[in-house]
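Have a look at this one.
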Amino acid sequence: MITLTNLGKVFRTELIETHALREVNLQVNEGEFAALTGPSGSGKSTLLNILGTLESFDSGDYQLDGKSVKGLSDAALSKLRNEKIGFIFQSFNLIKDFSIYDNIELPLRYRGLNAAARKQRIEQALELVGLHARRDYLPGQLSGGQQQRVAIARAIAGEPRILLADEPTGNLDSLMARQVMELLEQINQQGCTILMVTHDPDQARRAGRNIQIIDGQLHDSTMYDPLAAQSA
Amino acid sequence: MEQFIYYLKVSFKGIKRAPLPYALTIFILSVGLGVFFANATFYYQLNSDPMPHKSDKLFFPMMLLAPYTCTDCKPPRVLSYSNIEKLSQSDIPSAKTAMYSAGGYMRLNASQPALPVSIRITQRDFFSMFEVPLLHGTIWPDNNARHEIILSKATAEKLFGRTDVIGEKLLLDDRHLTVTGVLDDWQMLPRLYDANNRNHLSPVEDVYLPLETGYDMNYLSNTQSQTFDQTDYRQLSTQGRTGALHQLQYWVQLDTPAQQQAYQQFMANLVQDEKAAGRHPSEANNQLIPMRNIVNYFGGDSTDIKAFALVTLLFLLVCLFNASHLSLNRYLGNQYEFSLRRALGASRAQLQLQMLADVILMAVFTITGALITAYGGIKLMNQLLPSNRLFSSWDLTLLLSLLGIAFVCSYLVTLYPSLRASFGNLNQQLKE
Amino acid sequence: MSFYLLCKVLFSRKVVTGLLLVQLAMTLALLLNSILLAQQTQQQLNQPTGLDLNNTLVALLKPTTASLRVYPALQELLDRQLAAVQALPGVIAAAYANQSAILQGGNNGNIYDIEQEERTNIPTVPMYFVSKDFFSVLNGKVLQGELPQHSISLDGPVQPEVVLTKSLADKLFSGESAIGRQSSRGRVAAVIDDFYGQRYSDHVMYNSVQVAPPYGVDWGYSIMLRTQPEQTEAVRQKLADVLRAVEPDIEIFHVRTLAEQHKDLYRNEYGLAMLLAILSALMLLVTMVSSYSSTHFHALKRQQEIGVKRALGASKNTILLELLSENWLCTVIGAVFGIGLALLLNQALAQVITIPPLSWWLPLATCAILLLCVTVATWYPAAIATRISPATATKAL
């Protein structure tokens, strides 16, 4: 599904050069639920952005579904993002003056679906996150947890292959966070690959796989033993 | 004061942070106001009343006393010599004068090159009615023919190189005349005493000649003369005095409503008598036009300036909208800082003072820009509409009102945005 | 993005959009009316005059001594001046006339068919008293009859014969042959091609010409001459000196071509049209500034939103298109109001000046100009906005 080979990313200013990522090799298979952990500034967000094609990389290669994204035009990358990748952000990033419905509809419009197809998918997504009754609300009228669920609905409405979540529960209290996590797990069970950046070791443990980044290098990539996790 | 200087400093910092939108705001306001000022100058000067204390007492009688049949017509735009003779018979007006203008050539002796001059051929009361200032000499004691001439100051200087030239002799179209008066600097704008054919836009004349002398010398009007019978206009001194040769304008001064009414009655009676005598066949059409309406009566309103006034006003509005739009954007950009100040304890009153500093600063820039634009605009309009050239100067009243308008506009442009910035929801703005 | 969402974005910023709309509407209204006025002036300047405007020169003169203004001294002066001017190389024909063609007003009066005074009386028809070569200066065709060959005094026992322009002859004699008919100014000898006489007469092409010495020269008189095209400028340079050499006691008010005189006649219209055009250009500039700043600030405020959209799969071009279409929509709505406003302004202007009513295609053309300007002004800030990094923008708190 995702194959990173010797991937590197350097940030340059006039004074210094920072290697955000170096020699990263990673294989993520279809249907995995992986947690990306690591201290602040370790490069996990950069990695997520590169996976989401929001940022470019300087060396190595990134193959998505067996095709390299290197050298693709802005339009091709946008199409790729639109069709294969869903994003969930820590700060939700809903568009304030659009209703819930309009927010979820946005990526579907970019895909060029007709009104009926859009409607069907939005209904499904809203059903999944349990916010069908709030479809005409504005984001500001919802709680944080609800907003994040809307963001999830927006991310999955396009039926992406991969869901990239950047600390999806970072702005939420524990109850809300748990609801969101359950939702993500449910989505994962339906076959969607999920990569999630998190600080929370509990959440990391709930994911099927933990990828740790320290100083721009993939430090560890272990499969958790579900039994061990339970006993911990 | 020290506090206010601080506010000015803060304003400057605000400008430095986003110089482009500020410059654009100033530019747009300056252009809008400048264009408006340029046209307002002409509009104001063209519509100004040159004799505000007297203009409601001066009247222009018009009568249809001509030997032709015509129903529903306006009286001819000029009167004949015999019309004037009859109108002058009344003693109701406190002052009265007939007049016309002509062109001539003046020199001191036959060997000198001729100086073209414009001549107002008129009567004694002209000078008191229109408050013409006299520098040297005297005005003619009566309305009789006399070979005497009154010069404007500039003409005296041009011809003699000095102004005190009373008693000097000169040649006007080869005829000998004596200078009996020299006028002081005088420019009646607009020149309402002669509004026919938009002549109110012209400067006042160079020399003044008694009406009877003008007729004796066969001076034909250089603006309008019309004959309604077989009068030979080359025989002005003879046939021109009796025939239907129309070229005169007539003014009367009627100080009270009673006088005005009495004069109306006099005109009505005169027309009736003339009609009874069979001297004019048409229906009576008497008009007593107050000086303030004279331009309008002759259809000489500066429509181009009016049309342009309408448009420049629109333009100013657009610029105001635009500038407040820009300004709003600028303030929204600064909103975070505004809110921070409030969070740090600045009261709304203090923020308003800050706003006042902004307004003053903006007004100073805007006024400078607007005056420069207006100056350029006036130069351009003088090029394009040269007939209004005389009306392009600024006086104190005009300048002060222009400055006032500029200040108000700067205020308006700053008001809404800063209100919005200072009354917004503090909490939300800081969080944003 | 859909029309519905565009509207939604637009009207979420009520004040800013409102201001922009008002401004766009006013710009369009003004632009439309100044184009209209410019068009009208252009038409006036392009109307046929029946004259060789560029190669006909006019000198307006007046003797500065009274003795030269009376006959026979005046006749002698006219003849001397004419002889001198005719001798200039490049002059095809020269004539004196009490007044030139293409004037605001001048010497005019009523004229009628003697037999039917009531029905045919036409007021303010210019009367020309000219030397016999006047017709070859005009260079028009003789349509009927024969031109008078001798100058006859107006004070004599017999009235000099009259030459009428075609329009006037047709009007006076209802299309019948005018030759030999008696008009109030004399017997009609010939009918010639129309030429532009006086702007404020009954009809600019109504003219009557008599070969006679001018009645008087209190208002000055004109020497008109037609030149070889390549010699016009040379003749014009020399003309004043030649005339002064003949007689120093004259004032020369001006020497100019009929083309200049024609332009001068419509100077006010031209001036007003120019002023309005300049104002329209300024207004477009102001609108462009406005579109620019509104897009610029708008994009600045919505960095995060643009970043999110990019993340959701909008390409740079999509974002650019979205920002542009917001402005296009705004322009189109503004333009619709603007056309209404233009009609109002047109009516308001019609109260004070002559301005033709709006035609159907002009609003479309001006909308296109407005749209083009708005697009140009929006492009740069919109293109900048598309460069917002989605990675950074979506991180923003």
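We just call them A, B and C in the order they show up, numbering each chain from 1.
Going forward, contacts are C-beta pairs under 8 Å (C-beta built on N, C-alpha and C of every residue); 3 or more make two chains touch, one makes a residue touch a chain.
All of these numbers come straight from a predicted model, not from anything done at the bench.
A.B. asks: How many hops, at fewest, get you from chain A to chain C via touching chains?
C.D. replies: 1
A.B. asks: Report back the single chain whose CA centre is most distant from the CA centre of chain C.
C.D. replies: Centre of mass proxy via C-alpha means gives A as farthest from chain C.
A.B. asks: Quick check for you: compute each chain's CA centroid and the global CA centroid, then name the chain with the smallest gap between them.
C.D. replies: C
A.B. asks: As a quick test, compute the distance in whole Å between the mean CA positions of chain A and chain C.
C.D. replies: 69
A.B. asks: Per the centroid of Cα atoms for each chain, what is the distance between chain B and chain C, given in Å?
C.D. replies: Those two chain centres are 26 Å apart.
A.B. asks: Just give me the whole-number Å value for how far the CA centre of chain A lies from that of chain B.
C.D. replies: 76
A.B. asks: Which residues, counting only chain C, touch chain B once they are in their complex?
C.D. replies: Listed in rising order, the residues of chain C that touch chain B are 15-16, 19-20, 22-23, 26-27, 29-30, 33-34, 62, 64-67, 215-216, 218-219, 249, 251, 267-268, 270-272, 274-276, 278-279, 282-283, 286-287, 289-290, 293-294, 296-297, 300-301, 345, 348-349, 352-353.
A.B. asks: In the complex of these two chains, what residues of chain A are touching chain C?
C.D. replies: By the definition above, chain A touches chain C via 45, 49, 52, 54-55, 74-75, 77-79, 81-83, 87, 89, 91, 93, 95-98, 102, 106-107, 109-111, 154, 158.
A.B. asks: Which part of chain B faces chain C closely enough to touch in the complex?
C.D. replies: 21, 24, 27-28, 31-32, 35, 102-103, 105, 114, 116, 173-175, 219-220, 222, 233-234, 301, 303-304, 306-308, 310-312, 314-315, 317-319, 321-322, 324-326, 328-329, 332-333, 380-381, 383-387
A.B. asks: Which part of chain C faces chain A closely enough to touch in the complex?
C.D. replies: Those residues of chain C that touch chain A are 1-2, 5, 8-9, 12, 304-305, 307-318, 389-391, 394-397.
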